[in-house]
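Pasting a structure here, questions to come.
First chain written, first letter: the chains are A, B, C, D and E, and each begins at residue 1.
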Amino acid sequence: YGATAQEKVHIAVASSLRAPVDAIIAEFEQQFPNYDVTVAYVASGKLVAQVVHGAPYALLISAEPHYLEALYQRQLIQAKPVLLGFGELVLWHPRQHGDVAALIAAADHVALAQPSHAPYGQAAMGYLREQLAAEHYASKLVYGENVAQAAHRVHVGAAEIGFVALSQIIEMQVPQSDYTRLASAPLLPQAIALTAHAGQHRGAQLLYDFMLADGSQQTLVAYGYAATK
Amino acid sequence: MLQPSDYQAISLTLQLAAVTTAILLVLATPLAWWLAFTGSRWRGWVQAIVAMPLVLPPTVLGFYLLLALGPNGFIGATLESLGGRHLAFSFTGIVIGSVIYSLPFAVQPLTEAFRAMGKRPLLVAESLGATRWQALRTIALPLCRGGFVVAATLVFAHTLGEFGVILMIGGSIPGETQVLSVLIYDHTEALNYSAAHALSLGLIAVAVVVLAVVYGRRQPQ
Amino acid sequence: MLQPSDYQAISLTLQLAAVTTAILLVLATPLAWWLAFTGSRWRGWVQAIVAMPLVLPPTVLGFYLLLALGPNGFIGATLESLGGRHLAFSFTGIVIGSVIYSLPFAVQPLTEAFRAMGKRPLLVAESLGATRWQALRTIALPLCRGGFVVAATLVFAHTLGEFGVILMIGGSIPGETQVLSVLIYDHTEALNYSAAHALSLGLIAVAVVVLAVVYGRRQPQ
Amino acid sequence: MTLTVQATVPLQHFDLAVDLTLPTTGITALVGASGSGKTTLLEVIAGLRTHTSVNVQFAGKCWQSKQKSLPLAERRIGLVLQEPSLFPHLTVAENLRYGWQRAQQHFLHWNDVVQQCGLSDLLEQKSRQLSGGQQQRVAFARALLAQPQLLLLDEPFSALDEGTRQHFVGYLRQLSEQHRLPVLWVSHQLTDIAEVSDNVVLLQQGQVLNSGPVLAQLRQEPLRSMVAMAVVHTPLPGLAEVAEQRLRIYARDVSLSLQPVPHSSVRNQLWSTIHARHETSCTGELLVELECHGQYFFALISTAAWQQLELGIGQKVVAHIKAAALHHPL
Amino acid sequence: MTLTVQATVPLQHFDLAVDLTLPTTGITALVGASGSGKTTLLEVIAGLRTHTSVNVQFAGKCWQSKQKSLPLAERRIGLVLQEPSLFPHLTVAENLRYGWQRAQQHFLHWNDVVQQCGLSDLLEQKSRQLSGGQQQRVAFARALLAQPQLLLLDEPFSALDEGTRQHFVGYLRQLSEQHRLPVLWVSHQLTDIAEVSDNVVLLQQGQVLNSGPVLAQLRQEPLRSMVAMAVVHTPLPGLAEVAEQRLRIYARDVSLSLQPVPHSSVRNQLWSTIHARHETSCTGELLVELECHGQYFFALISTAAWQQLELGIGQKVVAHIKAAALHHPL
């Protein structure tokens, strides 16, 4: 490549969405070879700070819709953010089996993302509060920067079980017996928005539409997200 | 303005930094000594390996340390087989992580300080009846004071600010492994800027004053 | 095994580390000189302030730098009002970030090296007809070579591994600000462990060999 | 043309407080007990110690004053410090070249200096692997090769064996005479100083106790009893002919008799007049000052001999000086 | 009881290759030209330079061999290196105390040593602010206060003025005699060495050229023509009575005549026999070796005088030695 001048499209994506977004962008670039999409995988808090301070992103995908709302308030994104899909919280227990309460009771450490800023962490915390009395889990929780770190801990065995995203489970091809879907946990909305200076960016507009189109929605589903429609 | 959890984090952070600095000075001194004076052809390699913790991103280093220290890891498994507990998510674990991560900041300035001093003063001290250990304590330590100050302040300051390794190994458990840097990070991620600013400012103010006192006491040439 | 984006990140990382090291040696030398020889009562404070970048978590430091360098920040706004562009999300921006973050690693070892050398050799060189600059280059530089090696390798290695500041200021733009450490971090975040392992191993191998050569060339005492 | 130094520099137990004017020709020796401030004074002149109350002028040019400090590089000083201060990362040749290549004209030649200082075999050696005396020789040669307009030497030959030191003292005289190179040197070898210096400055506790031409200084305390030697200019009637124009005569090499002595191995017999008689630190010994054709020298004799020979001021005596004493190193 | 050293240490241009046995009583001087290996030998004995082919035994105890190296602390050496090597962060008193407080018994007393070395006023001073000579004195005192069983001194008095140096040389003799402290010292002051040493070891290019009692060495080349001095034991018939048991007589202080001379300031007139005649480096001068009651000394006379007095081996002559020459420092 390089023969024809490609238009660059900078986008920023929540790191938990890396796998499906990579797949969707590959399709997009095949379909629209004039565009070269570069993706920064950034946690939502950083993403907000960066956009506020002049980041050149044309399109944002966040696992925290209300962070995007904040940007919308400041008129840094064009329109109200739109839902792209829903993530799903699961409990990963590769070495033990049983019901969730028993697993937590048996574990020394339960990994989850930091509830103060990571949506999967918030969801996990909410779930725990609803289902169990604090003394059953409070001393066992180990927090990660995000849901990926929660997964690392279970992966290396430092924590026996952990609250992770269904998309990660699919990504890692975890057998069904090793995780439990948490029906009562809320779904985690993933939102998409065009930034204020994406106006003249045709590529960004195209990608935005592509993301919301059926094909992409199917890809998201394949990666463990619930579709919006 | 600060909450109890902040105070807990501050005290934990200072403990961690102090313990790490103390351990590193003890570990790094003989290692730096060997590096400064050995004629071994492995010297270059050892020195390079000591610098390794620097080239990996802290979270990645933390990942590998977690692997080693966790129950399935080499160190963790050994400990457990001996009836102990693995080291992930414990204060001991984050101390080990900090020690490994800051190793080069302690070893390298000390190595240079020893090299600059040379062996001569110690031999003279020994000829005056000092044991090797006394010579080290009464002569090498004060003569290499500059190197020790640099090593200690770099390690201390770096441990105050480090969070990638600690977060990974420690799991941010309040009162056990949730240090100030992790807390500040969490505040900024949660867009809770005023809390982040307050803690950062406090950290900086304390550090500036401590370091200015440490540095200010040294005489100029 | 490695993808084009990996190669791009590797080359960018090496560039960043090299540029940062070069800039820091140039900046840190006069500063360290002043710190080593001044009698000013501000010395302690200046030295403490130089160490400040260490005590903040990298992403938090990055956050403040973003504030300063971005279009609304003091520096960024000034640049823009002068017809330039602000510095966030550019290679220049991450260079500035790395330089500030690694400043203490360059200044402190150099200060100690200058102190240990003392002024005497330079005065002798000047009495032999050398200008101050020649004396610095032909005498201080080789005599303080140890200090320069420590400063350069700490800065270089640290810049290779640094990612908090860079990620914040740079935003991981491939070919512009996506350095290797950010890439490795991304791989681990994406649970893409094999890619992360491969890149980490490669980084470590290259770094060990480079450093072993640098260190190995030094004669023991 | 003079070198003037006014300085007040606080030291540990006293101040260095000098106001000196020295000629810029010939060799001036700086002497004084250990810790009297010699090194400090030399460093003040060289510009290594700067202090607000220092004023140095060389040949009409201001080197150091309250307002200004001439850069060391422009002073063109050949400096040998008490510790040799070689550049340890350079070889001997590189050390020597350091000043050499920065000099404008080269009135002192590379080969001459290297050979006189006995460095031909050492040129390629790392300077940190030199013995103490070798280091001093390199430091001296390096100072010379920088083609200085003033030599400032601080105990430059203290680590050399006697033979070598004698050679260097002679070389110093030669440099001073052939190249009109002014020299200010510190040394503890009073005989060396008496042999080659033109002027002497005596420091005590940071102050100038005495200063002036060496001939006069040798006739005064404290040098008189410390050195007990005189310098005379040849020819002198009664003295065998010698090549040197300047002869040192040690008091202890001179004996007295009332009449010339035949059949003695002593060949120089000078009719002299007893000019003065000085006590020495040793009871039982006298220093007799003799005058001979307007020149002065001493004889060291025992009080008993003075009494036995019934000597007195103004009396004519024969002074016997061993020929060998006139040029033997010891 | 001996100190034996076998060593082969590669140096820059040659090897230090010695196989020495030295007595552990009295003072042994190590002499040799600049760069001949004196410092290296001292450092080998002290254990500062370790090398596989070094073997050192002191008083029957192995200090250094292929297998073993006695820790420096247990050797109890009083070491003064060529550069004084004080601890710069300590005061003078703290430097002195460093060895003092680690010693078992204290046969050398603090006050004596401090006073003899002239350090009373310097005790509180930071040692990095001392003059060169002051540093040497502190280093010497520090070595003594460590209560050593052997003194190893490398040019310990080279930065001292002549008066002070004389004092220290005398003090060294006193230490050796009163405390039976063996001393091995390097010095370039041949007169000092001749004055107080019992034995001399002469190094040349890393090898022992000569070694033995000082009386014998002074009668042999190269010391004979370098020092031109003898040491005699008193009393000696014809010599005025003196306090010293050991007298040095410089060849240049001795003149010869065929008959005793009346009316001369020279009071010592010894009937002696001409034992030998040696050439010197100076043509026109001879060193005449004289025998008197089984003791030997030299006279330095001119060849012309030899001829004029018609001297010959075996002839009886009167040697005139100035009384002053017998104890004057120069």
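Everything below uses one rule, namely that contacts are C-beta pairs under 8 Å (C-beta built on N, C-alpha and C of every residue); 3 or more make two chains touch, one makes a residue touch a chain.
From a predicted model like this one, the values you see are computed outputs, not experimental measurements.
Q: Hey, what chains does subunit B share as contacts with subunit E?
A: Looking at subunit E and subunit B together, no chain touches each of them.
Q: In contact with subunit C and with subunit D at once: which chains are those? Just list them.
A: Common contact partners of subunit C and subunit D, which must touch each of the two, are absent.
Q: Counting hops between chains that touch, how far apart are subunit A and subunit E?
A: 2
Q: Of all the other chains, whose mean CA position lies farthest from subunit B?
A: Following the centroid criterion, the farthest chain would be D.
Q: Indicate the whole-number Å distance between the mean C-alpha point of subunit A and the mean C-alpha point of subunit B.
A: That gives a centre separation of 35 Å.
Q: State, to the nearest whole Å, the distance from the C-alpha centre of subunit A to the C-alpha centre of subunit D.
A: 88
Q: Just how far, in Å, is the C-alpha centre of subunit C from the one of subunit B?
A: Roughly 20 Å separates the two chain centres.
Q: Roughly how far is subunit D from subunit E, centre to centre by C-alpha average, rounded to an integer in Å?
A: 25
Q: What are the residue numbers in subunit D that touch two or more other chains?
A: In subunit D, no residue touches two or more other chains.
Q: Which subunit B residues sit where two or more other chains touch them?
A: 59, 63, 185, 188
Q: For subunit A, jot down the residues that touch at least 2 other chains.
A: Correct list: 46, 49, 152.
Q: Give every touching pair of chains, nothing left out.
A: Between chains, contact exists in these pairs: A-B, A-C, B-C, B-E, C-D, D-E.
Q: Of all residues in subunit C, which touch subunit A in the complex?
A: 59, 63, 66-67, 69-73, 76, 86, 88-89, 167-168, 171-175, 178, 186, 188-191, 193
Q: Which residues of subunit A touch subunit C in the complex?
A: Residue list for subunit A touching subunit C: 10, 12, 15, 18-19, 38, 40-42, 46, 49-50, 52-57, 146, 148, 151-152, 155, 168, 171-172.
Q: Which subunit E residues qualify as touching subunit D in the complex?
A: 12-13, 31-35, 38-39, 82-83, 121, 125, 129-134, 137, 155, 158-165, 188-191, 226-229, 250-253, 255-259, 261, 263-267, 282, 284-285, 299-302, 304-306, 309, 320, 322-325, 327-328, 330
Q: What does subunit D use to touch subunit C in their complex?
A: For this pair, the touching residues of subunit D are 46-48, 71-73, 75-77, 79, 81, 85, 87-89, 98-99, 102-103, 142, 146.
Q: Looking at the complex, which residues from subunit C come into contact with subunit D?
A: It is residues 120-121, 123-132, 138-139, 142-143, 145 of subunit C that touch subunit D.
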